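The first chain written gets the first letter, and so on, giving A, B, C and D; residue counts start at 1 in each chain.
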Amino acid sequence: MTKKLFYILIALLLFSSLVLGACATTPEPTEEVVVEEPVEEVVGEKIPLTLYYMPVTRFYYPSPKEIAEGMAADMANAGFDVQLELAGDWPTYLGLRREGNLDGLYMLGWGGDNGDPDNFLNYFFGFAGADKVGDDPSTWVKSPEAREGWYANTEVAYLLYQAAINPDQAAREAMYQEVEALLHEDVARIWVAHNNTPLVFSSTVSGYVPQPVGADYFEGVVVEGSDTFVFGRGGDSVQLDPAVVTDGESFRVTGQVLEPLYQYEPGSTKPIPALAESCTANAESTEWVCVLRQGVKFHDGTDFNADAVIFNFDRQRYTTHAQHYESQVYEYYEYMWGGFDDDSIITAVEKVDDFTVKFVLAEPLAPFLANLAMDIFAISSPTAMEAAGEDYGLPSNGAVGTGPFKFVEWVEGDHVTVEANVDYWDGAPTVDQIVFRVIADDSARFLALQAGDIHGFEQAVVEDLVTAEAADDLYVMTRPALNTGYLAFSYKIVEFQDVRIREALAHAINREGLIENFYGAYGEAAVNFLPPLIWGHNYDIVDWTYDPELSRELLAEAGFPDGISEVTIDPAYGTE
Amino acid sequence: MNPILEIKNLKTRFYTQDGVVKAVNDVSYTMSSGEILGVVGESGCGKSVHALSMMQLIPDPPGKITNGEIWFDGRDLLTLNEDQMQKVRGRDIAMIFQDPMTSLNPVFTVGFQIVEALLLHNDMTKEEAKERASDLLNLVGIPGAKQRLNDYPHQFSGGMRQRAMIAMGLSCEPRLLIADEPTTALDVTIQAQIIDLVKKLQDELGMAIMWITHDLGVVAELAHTINVMYAGSIIETGKIRNIYKQTRHPYTIGLLGSLPRLDDSPGTELVSIPGLPPDLVALPEGCPFAARCGYRIDQCLTEKPPLVEIDGENHSVACWRWEEIAGMGTK
Amino acid sequence: MAKINPEEITVTDFAVREHRSLWGDAWRRLISSNTARLGMFIVVLFVSSSTLSHYFWKYEPKKDLDYSLKLKAPNLIITEEIPSTHLFGTDKLGRDIFRRVVHGGWNSLRVGIVAVSISLFFGGAVGLMSGFYETVTMTMVERLILFGTTGFLLGFLSAWIANQYFQLVLYTGLGLAAGYYQDLFKGKFLRMVTFSILGAFFSAVPGLFISPTVALICGLWGLFTGVLLSRPLDGKFFSNVMMRLMDIVLSFPGYLLAIAIVAFLGPGLGKGMIAIGVVGIPVYARLTRSVVLAIIHKEYILAAQSVGESHGRIIFRHVTPNILSPIIVQTTMGLASAILSAAALGFLGLGAIPPEPEWGAMLGESYRYLTSGAWWAVLFPGLAIMLSVLGFNLLGDGLRDALDPKLRT
Amino acid sequence: MIRYIFRRILSVLPTLIGVTFVIFMFQRLIPGDPAIAMLGEHATDESIERIREQLGLNRPLFLDREALVDDDIPGFFDSQYMRYMERLSHLDLGDSIHRRIPVMETLKLRFPATVELSLLSMIIAVIIGIPVGIVSASRRNTAIDSISMVGSLIGVSMPIFWLGIMEIMLFAVILQWLPAGARLSTGVEIESITNLYLIDSLITGNMEGFADALSHIIMPAVALATIPMGIIARMTRSSMLDVLQEDYIRTAKAKGLGGRLVLFRHALKNAALPVVTIIGLQAGTLLAGAVLTETIFSWPGIGRWIYDAILGRDYPIVQGGTLLIAIVFIGVNFLVDILYALLDPRIRYK
């Protein structure tokens, strides 16, 4: 009986499998699920007014969480009922920001890679990667470089483009100042602070030269009663091949071991000759001829000459080059010289003679020398690179260059050691050995310094700096600020498209209090995006005052007499 | 007929959250060497506790021996300190316990546990001890003793464990062996075997045995003398014959009544004692059994009857009306 | 003296001590222990203070900011530079730490309760069922459910590959059939063959309409499914699977797992609660299972079975009440550890969104100022954490002693 | 015995496989793109794409249905999970995404640091916890008992990160006796044999190195030890109490054994069973606690390293590290089971 049932059941199932299988459609191959923010589907969705704060400490925001709390409180007292939000950890945060999905206000900042204003402004407000002037904004609004928070300002973009290709410094300066003026009047961002990053040293140390851009100078360091200089730092180097890294802790070391053709003048952002004796441009500045220093040897004994220079540049430029590895990202080359292979602005690096090279550019590039001086384009020994292959720059190999110090060892996560290069062309350094020691925690670093375990370090807690200033066996030195921490608006938010509201926010924040509290004596309120250190900084701009009353009024004008706690998302944005 | 053990008004108390449990109240009796004494009573009547008190194995806290003397070959055990007591335990007085399942240490071999006792009390080498141990196992009738020495308790059956326990108890040829309900946890056939075993051993070794049980049937086969205990006191004691033939205490009568007898004419129903034993925390002044007693008079509720000898054969009863009961002639 | 005949005698009331209920007893034991009383005191203090402050002592963290008062040491006397008393001092933003600690309690309490509820609910359910069915044989319905779900789950792969989700029906059907016809054909082997062939068919045939390869792969999977289903799965199987899962979760260090979950869900107190709750599940599952196994052979369970009570009824009427006490103890202690883990997450910056006061986060923010001597900013939140945790632990400890009949003397 | 061990191994295997699966799932479920994590603020779309390509992040997670539709069976199996398993199968943990260094290399450096820390804490916990437990069990309901039990309960309730901070404040900031972080002071060299500095320095007879290493490890070790210490003490006590109520203890006494013998021979061996288990489980707690301790004492171990890797989406590190920890944890508990069986004949002879 039950057996019969069983057979019937089976038959049924089998039959249904046939029928259903027959009428079931075969899957269409491209069934990729496109992750769309639900927010963007909905029309004019209301969301709480949100301020996203950074999950990590960067030099432009020493303690982002507390700073955010401070700013939020200020806003709240001015009628902006903001919700703080942690969008996730750093990668998530950056990812969302790239896709323009930090819907509200958010904290971010910028540190200069070279001394040129272009490197600041163009990244955000120019439209690198998109088609040039005249196109309708929507096309380039999409290109991520041009799109932080969906902000697009054709006028600014056009100026920046002009400035970038104009060889005349004075003219460029004027243009950048105008850009700054435009941005300020448009309240495109709220510039919060420039931070003169403090370094703390034991008073036995002297001769350290902190650099606003590029690696600091260690050559002149003298440590009383010790021939080793121990420098404490928060993180380890990523790699010691400057071409494939972007982080300061890597450059801090490579900057001692390798040198570019140009370097930055101690204490400023002005490019001065290093391995090159001079570089001169032709009239339309599309060709640069560099005369190289003679008799310089790499640490491995091989000669430095035109071939070495060409090797180093080609290696980064040509994806087909033997030393250009799939597994590695030559990010900065792409970003400074517009792309690889044929997209590169440098169309050729030619050997004139053993000690003369010629750079041929596709179009005039004003910040050429500034770019050239970046640590990324420091010259490594070709022989060493070929020998080490893909492992060049890893702890096992380190880096081989012409710099004042030679790589000795790298114990990952603990320390890197370099020793003086006695036959350095500019005279042997005054200290025999540098140990770059990793001590992750700020306070721990400070304690290590007090205990005499290290001789100096960067990035201290403000309170500790006060202590350090007071102590007679310690002193504080600052790195001239080439950075800006700011507050960005997402222009997806309808309310933020109203300049009065943006301005109201600008007036709401007590930046003096903020800086005094979190940057101590080392921060300064940012009036421009460009820090004063860089030419192009516009001194005529009058900063927004801290004035809650005013911001309330502006808010009222904009139609929110009793404050704002909810905002609307503009459906026009975000649907690519 | 020299007394080996003499207990004088032993009092044991447990101090608990619910109050003072009067577990043993004024127990006194003597025991002569080679005698088998049966201590009978319902569970919780203090029979085990008074035995443990003798060994001074009362968990303390909460237990305490508040009063009394325990004379064992000329020494009052209660005056001995722990070290001296340890020498007594196992060597002079050995004890075997109710539940053989839990009374052997599961993580040591049976052999080890016997040898341990041997080495403790006699100076012999490990080898000798092992020898002796296997002899003992043979003695208590465990086949293949040699190999069994290395077995763990859980590899033994219940009966065998109890045998092992006995072997352990006998290991130093004690003068007094206290068996605390040794057969309760075993099934009847094994019970019988164990009892025979003990009888046999007693014949061979001639030590005195105190057999604690709630099962009058068992004692009947075994004991020379019986102490009937109730609510921490002895309420009737005497030669086995007397207890069975001239039962005087209502409680004992009850006990015997609740015991099926072969010579019962079919149809005789078992008399059972109504109610429960009194709460040892709140003992009634007066006879502890009064509340359940069929022969109760008012005096019983107010005065506690003393244990009085009623014939030349030190048959003693603690009841006000034993004479009348005698007159009634039970059964 | 006249003879008395037994008939006249009436047996008077027995002197038997009145008996208290288990809970009454437990309560008496609980309050009689000093440590438990201390624990209760702390817990009550902690709960009441945080609840009351939450409802009656208004605090707007959003607006709380006064740079002029940053990192002031505890003071009781009002001076002109510190116009207010700060029992615990102030933090970097000049906020009164005492106030934030008290209000922080509310968050910790919520985390504790929610997290524990999650672990208790899921862990308890899993443990109860695996413990129960490991020993009690399943009824037909239960077996059908088990087989059906197994089939359904296994069906997913095949259904996904062929992109024909109706296959789930087939697999479920197969499962049900396998469950119903446990003793189809005498002989395991024959049954196995039958079901494996059926399985192969059910997933291969629809697959055929996509492509032969799909059919092949699906067929193989179906084969495997059939074989698995042909075996008599039972409570043991279920219990094993569950316990393996628990082992897996257990073999990750708690914090790391919690961190990963938070990283996955995104930060925030709510997410933290879930993370901690999930991490806690195996603990409860295992505990529940073990205690169930301990009592499942007790006579009253057997009795209930023998009179044919339904399993559900047995579980809720007989099993649950009897495993309560260890669970209660574990829950109390679980609250403690949940609060602790929450604080840990907060300390790593994965806890409450600022400016919400939360103990762990307060520590994480302030310990950078330790070197400059702001001990108060670290000491008090930490103490708060430790005391509240200690309170629950003491209480749980007391409860264990109170509810554990073994220790009755 | 052998069969027992074998059975245990078999029962461990599925857990291990499950663990690898969970690890894989987690890191893939976590939002955020390793490419972005690696490139930071300046990332260009091109480079991000290149990296995703090169890391195989654009492959499907498990199986590739489309590949199957066009009859490409290898393509069907060529997924991120299969690649991951395939690498695992020959014990290749891959290279760190951020700094192309093989994860194995870094593990060799960092794991010993964590092991050293955990081991020392465990030793501290055991040598303090067990005696305390025994004493308070044998002195039940006395002042000593309640003091030590409340003490151990405080230990259990201790937020170790807070304790760590307090230690630093006291010994590093105020008294300045001990260093606040790291494993060794600069300049102190210990030639690495096991990479457990304490042991290495002893082997090489490098006393001043030993002292230095000790001064660095002591604070974190103590902080880490508190919780296990408390737990072990309590467990020892309670299981001691349980055992002391057992009949066989009475038997032993009846045999005339002295209190000490009874306690240490008959009671302790039985009481050891649950304690051993607990100690095994504590291995997990320690490794977990390492995340916090290593953060506070900037200890170059794997706890903090994995934490950062999770935040930095450095999948190979997360995989390698977590897997290692899980394996260690499982392994330790496996050993505990064996030990258990050795201690308890009832299990051994099942």
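Assume a residue touches a chain if its C-beta (ideal position, glycine included) is under 8 Å from a C-beta of that chain, and two chains touch if they have at least 3 such contacts.
All figures in this text were calculated on a predicted structure; none of them were measured in a lab.
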{"item": "Chain of greatest Cα-centre distance to subunit D", "value": "B"}
{"item": "Contact-richer chain pair [A-C vs B-D]", "value": "A-C"}
{"item": "Chain centre separation (subunit A, subunit C; CA means) in Å", "value": "45"}
{"item": "Centre-to-centre distance between subunit B and subunit A (centres being mean Cα positions), rounded to whole Å", "value": "90"}
{"item": "Cα-centroid distance, subunit B relative to subunit D, in whole angstrom", "value": "55"}
{"item": "Separation of mean Cα positions, subunit C and subunit B [Å, integer]", "value": "50"}
{"item": "Interface hub residues of subunit B, defined as touching at least two other chains", "value": "61"}
{"item": "For subunit C, residues contacting two or more additional chains", "value": "163, 210-211, 263, 266, 367, 370-371"}
{"item": "Residues within subunit D bordering two or more other chains", "value": "31, 65, 69-70, 168, 173, 295-296, 311"}
{"item": "Subunit D residues touching subunit A - in the complex, by the definition given at the top", "value": "31-34, 36-47, 50-51, 54, 65-66, 69-70, 98-101, 105-106, 109-110, 168, 172-173, 176, 179-183, 185-187, 295-298, 300, 304-305, 311-313"}
{"item": "Complex contacts: residues of subunit A adjacent to subunit D", "value": "26-27, 29-31, 55, 88-92, 94-95, 98, 108, 110, 113, 123, 129, 144-145, 228, 230, 238-239, 246-247, 326-329, 331-332, 334-335, 339, 390, 394-395, 411-415, 435, 437-441, 443-444, 447-448, 450-451, 453-454"}
{"item": "Residues of subunit D touching subunit B in the complex", "value": "141, 246-248, 250-259, 266, 269-270, 343-346, 349"}
{"item": "Interface residues, subunit B side, partner subunit D - complex", "value": "55, 57, 61, 82-83, 86-91, 94-95, 97-99, 102-108, 116-117, 120-121, 152, 154-155, 165, 168"}
{"item": "Of subunit C, residues touching subunit D in the complex", "value": "34-35, 160-161, 163, 210-214, 217, 244-245, 247-256, 259-260, 263-264, 266, 336, 340, 343-344, 347-348, 360, 363, 367, 370-371, 373, 375, 378-379, 381-382, 385-386, 389-390, 393-394, 397, 406-407"}
